[in-house]
Amino acid sequence: MKILTFGEPLLRLKPPDHLRIAQAASFEAAYGGAEANAAVSLALLGDDAAYLTKLPANPLGDAVLGSLRRFGVDTSRILRGGPRLGVYYFEKGTDLRPASVVYDRAGSSAATAKHGEFDWPALLDGIGCFYFSGITPAVSGELAGAVEDAVSCCRRLGIPVVCDLNYRAKLWAPEKARAVMTGLMESVDVCLANDEDFNASLGIRAFDGDLSHCIDQADSFRAAMREITKTFPHCGTVASILRNARSTEEGDWMAILLRDGRFYETPVRRVRAMEGVGAGDAFGAALTHCLLRGDGPQDTIDFAFAASLLKLTVAGDQNLVGEAEIRSVMKKSGGSSFRR
Amino acid sequence: MKILTFGEPLLRLKPPDHLRIAQAASFEAAYGGAEANAAVSLALLGDDAAYLTKLPANPLGDAVLGSLRRFGVDTSRILRGGPRLGVYYFEKGTDLRPASVVYDRAGSSAATAKHGEFDWPALLDGIGCFYFSGITPAVSGELAGAVEDAVSCCRRLGIPVVCDLNYRAKLWAPEKARAVMTGLMESVDVCLANDEDFNASLGIRAFDGDLSHCIDQADSFRAAMREITKTFPHCGTVASILRNARSTEEGDWMAILLRDGRFYETPVRRVRAMEGVGAGDAFGAALTHCLLRGDGPQDTIDFAFAASLLKLTVAGDQNLVGEAEIRSVMKKSGGSSFRR
Amino acid sequence: MKILTFGEPLLRLKPPDHLRIAQAASFEAAYGGAEANAAVSLALLGDDAAYLTKLPANPLGDAVLGSLRRFGVDTSRILRGGPRLGVYYFEKGTDLRPASVVYDRAGSSAATAKHGEFDWPALLDGIGCFYFSGITPAVSGELAGAVEDAVSCCRRLGIPVVCDLNYRAKLWAPEKARAVMTGLMESVDVCLANDEDFNASLGIRAFDGDLSHCIDQADSFRAAMREITKTFPHCGTVASILRNARSTEEGDWMAILLRDGRFYETPVRRVRAMEGVGAGDAFGAALTHCLLRGDGPQDTIDFAFAASLLKLTVAGDQNLVGEAEIRSVMKKSGGSSFRR
Amino acid sequence: MKILTFGEPLLRLKPPDHLRIAQAASFEAAYGGAEANAAVSLALLGDDAAYLTKLPANPLGDAVLGSLRRFGVDTSRILRGGPRLGVYYFEKGTDLRPASVVYDRAGSSAATAKHGEFDWPALLDGIGCFYFSGITPAVSGELAGAVEDAVSCCRRLGIPVVCDLNYRAKLWAPEKARAVMTGLMESVDVCLANDEDFNASLGIRAFDGDLSHCIDQADSFRAAMREITKTFPHCGTVASILRNARSTEEGDWMAILLRDGRFYETPVRRVRAMEGVGAGDAFGAALTHCLLRGDGPQDTIDFAFAASLLKLTVAGDQNLVGEAEIRSVMKKSGGSSFRR
Amino acid sequence: MKILTFGEPLLRLKPPDHLRIAQAASFEAAYGGAEANAAVSLALLGDDAAYLTKLPANPLGDAVLGSLRRFGVDTSRILRGGPRLGVYYFEKGTDLRPASVVYDRAGSSAATAKHGEFDWPALLDGIGCFYFSGITPAVSGELAGAVEDAVSCCRRLGIPVVCDLNYRAKLWAPEKARAVMTGLMESVDVCLANDEDFNASLGIRAFDGDLSHCIDQADSFRAAMREITKTFPHCGTVASILRNARSTEEGDWMAILLRDGRFYETPVRRVRAMEGVGAGDAFGAALTHCLLRGDGPQDTIDFAFAASLLKLTVAGDQNLVGEAEIRSVMKKSGGSSFRR
Amino acid sequence: MKILTFGEPLLRLKPPDHLRIAQAASFEAAYGGAEANAAVSLALLGDDAAYLTKLPANPLGDAVLGSLRRFGVDTSRILRGGPRLGVYYFEKGTDLRPASVVYDRAGSSAATAKHGEFDWPALLDGIGCFYFSGITPAVSGELAGAVEDAVSCCRRLGIPVVCDLNYRAKLWAPEKARAVMTGLMESVDVCLANDEDFNASLGIRAFDGDLSHCIDQADSFRAAMREITKTFPHCGTVASILRNARSTEEGDWMAILLRDGRFYETPVRRVRAMEGVGAGDAFGAALTHCLLRGDGPQDTIDFAFAASLLKLTVAGDQNLVGEAEIRSVMKKSGGSSFRR
């Protein structure tokens, strides 16, 4: 069964180490994007994953293709053309200084693609699961239209849809997000919601907005998750990561899965993130992997949580770990052992 | 006397060494642009140089500011705002493989600036020379309008105008270029024209288009230079570099200055370019430096030519050399000596 | 109002990452020095900052100029000449291994400058505040004389003087330091004193010398601060950072301001320093910025404290942060949020 | 039509720039091998290329997979298992110092694979062309047996076989090579022979062994090529590159194709190689590409020659160029133009 | 008195920073190996240390020689020849992801050396102490034989023998290890045993196998240490490091020395390891240094413990610190001070 | 027989690639110095070489020690102490831009050593040859005195003395150099003289000063060499490299040896230098190696010339090549072959 993820890829330009943009004589280059990251995670977990987007017909577009094929992602559905590849400049933070992002993605090949360019019945032929995040419809009205077409087509064809709400304040306002996302949620089977996603994307309040105390407000999160399943009855599965952030790197994390009306939860773990990007994508991909395989809900949330924690130890957008490594982290209670 | 240069700055992203974009795990970052390069050259030669553009109000825009101030360029006239900083990806070539460029400059803060944002009487207050290249009007119709306003204002105020024709095939077609540039040339005092510039920008044929034989067609270049002064009588000074290119790095170079009806020429020199970007900007800036100082025409062309040759030995867009180094190259007949 | 800072700049050579000098095949190069750092901080905060020193007339001196101009510091008062630029080799420590420094600054252009080379009435013309640290008079007897001339001239002209005591055991002995610094303090308006500075520079005992317990001895620090204002009545403002250091990177920090006889204090914050250099300079510059702007004393110490904490997250000597970032850290109680 | 190439991949470890192994604090890592390089070239030219080998089931094996998939090579036939990935340390030479190689490939997964592990009827199912170089049978007796099985199977199935003789003196002696290669040549359709290959692999003398004068002995090369077609009548096509090497980087190159009894030749071109590895693989792949497409013989040899010259400008083992770039080099007589 | 250490050196290839092997475009190269590391530590502490191994006669072997001579290790006894230098690929872990190692050491010059190649009476001439770790006999049966010959010869000549049990699960099974190590222990004077070494190498159970709780089981460790001295009466000295590992980097550490029937112990210290390799080698070398100098047992264990903690702050295999730095860490109770 | 070389070592700081100092965010670090380079060359050729100098007792001094011991140089005679290690900043040139050097060596430990610190009878005990260059007496009057003491002592003890005149215009004026060097030449047995050395150090005119035409003036060089043997009859052997420099990298080179009244010469070879530093030191060391071994004069000059040419292909100050590589270059007439 092939899983199709759909979104906009970006060239990520990052100053070396913790340098600021003004200090950088070079940028480390990586290619990412929420749904591309999810596709890579799925492929590394052994799934048949395909990615859909529109890439410029230039060496940057080729480089994105290569970055996906390298890990076994099927890129044969990708459209080529349009003006440019979107870019984001990423400054790693540390301690009291948060990471920061300068987006330069306006006018990209994906953002300027017309929704009519995507021939969904053909694109979804042979697809067993469709995955997108809230970033895709935020990129442009045309892409929002394309996602609408896609999920309608999925619903018609009985293809399950996974949606990571993934609200991005720099891309759209809550009002706009809610208008679009609540419509899409009608066709979503599995919903991932973190932090501000509940409120910004769906208008459901999950906590007081203070990221340093999410776990302390777990009840409120649980209520919000249940509220999603009530508001969008097609959506029977909701998953969420809760954090008590202590600094840019340190925090306590836990995850909750609501499935068929019951909650499944992980213990709280103390983590120190080497790089904070992509943990949500790793979580969503691993969750999808388990759900499609028919794993039990407790094993599913434990596995997806361990996958997202491992992402915190991997540089770049992609969660370059395998199933055995994830299982090993699931089992570990305390210090790690160095096998040699 | 302050010299004002006007144009669009770009972030240049270059794979390390001679790597291709598809091979690059990082990009070297430099900030350049023809007129910014000229401003830096002028400042390093001791002139009071200012640069005018519009920069986004983000860390990338700050980085451009810093790259200019660092070498003493006055950045106080620069506008801030707009969507983004333009980018170009630069692959260094070698031997049979030419250098190549992927432009990603559409929609930049400079390109989307309205011509009315530039208050020329105020901006030109205290300015003794105005410098632009043909890239600026090629960037957008608004910038073309801004240059028209600027040179009209200069003509009114008696400020001499230097124009490096600098035709860029990836930015506009010859027909479009000629329509704009021939209009601007009515107010230009000093014109720099190289290679295809003659024909593409002004419709004056200087050679057969084969870059490996320009010097062999020097007479034809001389005739084209003279034709410029006839067609645009306000323009009494034309300078040009002629090349017999042998490979991406190697070639024979010479320069010709036409001033007040007489030609002044340099000997032919064999060069091996470490990096081919910015030699024209270095030439234009050094020529302007000499003309404004009142140097004799032979010394002027010799100095400007040596400056452009030295640029071939310096990485990045900017010609980071001083007057003494240029004079030393002017004197050298053969091998260079290593003083220690 | 222009602020003039005065001191010796240094080339800092640092092995990559945490490598030791014996392991280094290359050194990262940065240009710093307490007063140069302060000038850059002030310029980045929007102040009109100028730096005064003497630099060799060689490419290293030019590089220092560039590193200052880049961030908007006025370098027009700087003298050129003399034998060399001072150097310091810096090994970053970690955990139980402290950072270490090998100074190679003897015989520098600044250290060998004659005090008579500094024409203070001219240099201080148009200056609204004079800033130096105890490193400057420690560099050489001539520079000590120059600082004496400067503060006398300031007192005569009514220019307020800020002095960061900044005792350096590798530059002079406490006896020598006290002899010079107590004299200078007669003309100082604002005094910054940290750790061993109280005793080594002024002979006033603030704590038992154990850096792992400064905050626990806050009363003793407060008494010492008050003692400074008593001993040097011209000095009505004293500020200090107190630390409980736990390892090379980790510790608890707080700051105290004594102004017009009252103490203003920040809460204690747990920090993890990526790089420990320059936090005092960032503190001094931000404090000066607030005092000159007429901010209230509580806001002043909160702002200066947040600025110094942010410096711990920035590589190099300079605190490359802006006012908005500092204000954002001031507000944050716990974990940091990643806006995208 | 799918093309299958078969051989041993290697991790190439190269000191940065021109450093010697004893100077290297790091090694650039690339994955190559003659037949892997050919597969990448074919894929980049738009062919459906697959690679066959045996890779260790560890992250190094995974990295090889990724390096091939990245450029579109089908890796689905590759066996996994065995002890290790072979390595070669590569020192780039310059001027009078030749490049040098330290092989560390003994005991690799490919070298220790049993010939019976390769199920040729299944592996060759759907294959339209089989490509190998003389390195593969040189790696081990088992691999020599595997190649024998493969070419027999090809002959039976009517699959054309391309063989690049590629003699490697560090892998086997001429006597051993001749014994094996003359047997294999009975089933080879297209043979690539360069320099010492003629004599070392087939016992046919093409020149006096002096690489600085190959072109001067072109007649002798032509005679040797014809001799191949006489000795191995199944082989109707022979191609060869001739060089007058002047230094490690510089030389004159030309290529000759013998096809159906007629010679087709390129002009002599002066080249300067940035990196001398992989030009033969690029030549072989491009030749195969043209022959399979049915290009005329003159266009075939011109195209293959241009492809191999372009490889000299690309770092690493793989010829990362496309058809348009090759065609552009074919047309160029002299200096290269920088399009922007 | 010269100390001879004996073992297999390895080229360590490590991706930059925390990158995974699949992400690495380069590898940092370092030369190490337990006994080579110990020799370097001894030399840096001022001892006359020699290293014995067999190295290939190629540039990699030369590089190992250089890496040892550089720090003053006597390499004159080293044999040259054999097929290759062993390699290990090292991925640094972080937080929940443990470090991982891919060994590629089979067939190395050391592993394939015949035990008869080592002429012990000659090699041990003038040697005052012989040092090896359990890795050496694990490398090959021949090396195990060589160690047996060596310790017999030492016993005959009255040369004290230090053995770091250093069990490596990737090299041999516990049964094999016990059979060899218990025989060797008959001639060992000083034994270092950590973590699983007790059980895997000697069949003596020291703890429940959970590395996150070793210190909590200190009594059990003490009993196991005493058991060693009972089982192997020639061995009067046993030393061990105990850890409560909290993450890949963080943990609590302490050390225990059993000498002449009495225990000497260090306090527990919280550490954060920058790099976890080589702390045991640093511990063993420093312990040997103190024992040979005749230091008291408490000072010995304090010094060796501080040396091993400092290794956690140094990149690479070797503990590049001097006696003064170790003594300074011994004295420190809390935060470290930055002397400048 | 041990050879002792004597001089000042320097830390060489070089911007990466061809960057200028103002562009450098880092410096590559290497340790060199003419006589240290010669000692390394001798050790790599298998000679027993020792180096004498005075090094600061800090990590920089340790690093110099390590850089020498690594290649087998005996460092046991080196004095420790004094203020600092000398530094030189090195900008690689290219084509028309010459390499340039900023010396920062004043006040170094070597330069401030007193001549009385060198106890020559003890230092020369067991020494069979003494080697110095004209840089050593140029560093300071004290070092000049030390060299005088050394060569007197050598003459008394019958130890042959090799002197590379090595004039450095940035260290002393010709008048000063001649006064010192002509005195020292009374005790020199073998003299190396290149380019301006003849005139600047000894007042003997060898050519017109134009480095682009030295070979064309070979007769004049031969006469000057003969003049040396006449003026300093103790000196029976003179060797010189002659160059026709064409650019910073390219030139024609040849070498001449005058021994016992006869000239021995190499053919002229076209070279392209990757890095121009240290060729003279490589020449001097190889010549010394051959003379001490008793090689014939033609073989001696051919070998020394090939060694110096190979140095042009090696980065850094040291000629990291072995005897076999040098012999291979001696044999080669044209293009180099890549053995694999």
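Here are a few things to note about the model shown:
Order as written gives the chain letters A, B, C, D, E and F; numbering starts at 1 within each chain.
Everything below uses one rule, namely that a residue touches a chain if its C-beta (ideal position, glycine included) is under 8 Å from a C-beta of that chain, and two chains touch if they have at least 3 such contacts.
Values in this document were obtained by computation on a predicted structure and should not be read as measured data.
Comparing the contact residues of chain C and chain F by number shows a mostly shared set, over half of all numbers used being common to the two copies. Fitting chain B to chain C on CA positions gives a rotation angle of 180°, reported to the nearest 5. If each chain is reduced to the centroid of its CA atoms, chain A and chain F end up 62 Å from each other. Our note on geometry: chain B versus chain D, Cα centroid distance of 44 Å, whole angstroms. Each of the following residues of chain F touches two or more other chains: 20, 22, 25, 66.
Residues of chain F touching chain D in their complex: 269, 271-274, 309-310, 312-316, 320-321, 325, 329, 332-340. Touching chain A in their complex are the following residues of chain E: 17-20, 22-23, 93-101, 103, 168-170, 210-213, 243-251, 276. In the complex of the two chains, the chain E residues touching chain D come out as 13, 16, 20-22, 24-29, 58-60, 62-63, 66, 83-85, 87, 89, 91, 102, 104, 106-107. Within the complex formed with chain D, the residues of chain A that make contact are 66-67, 69-72.
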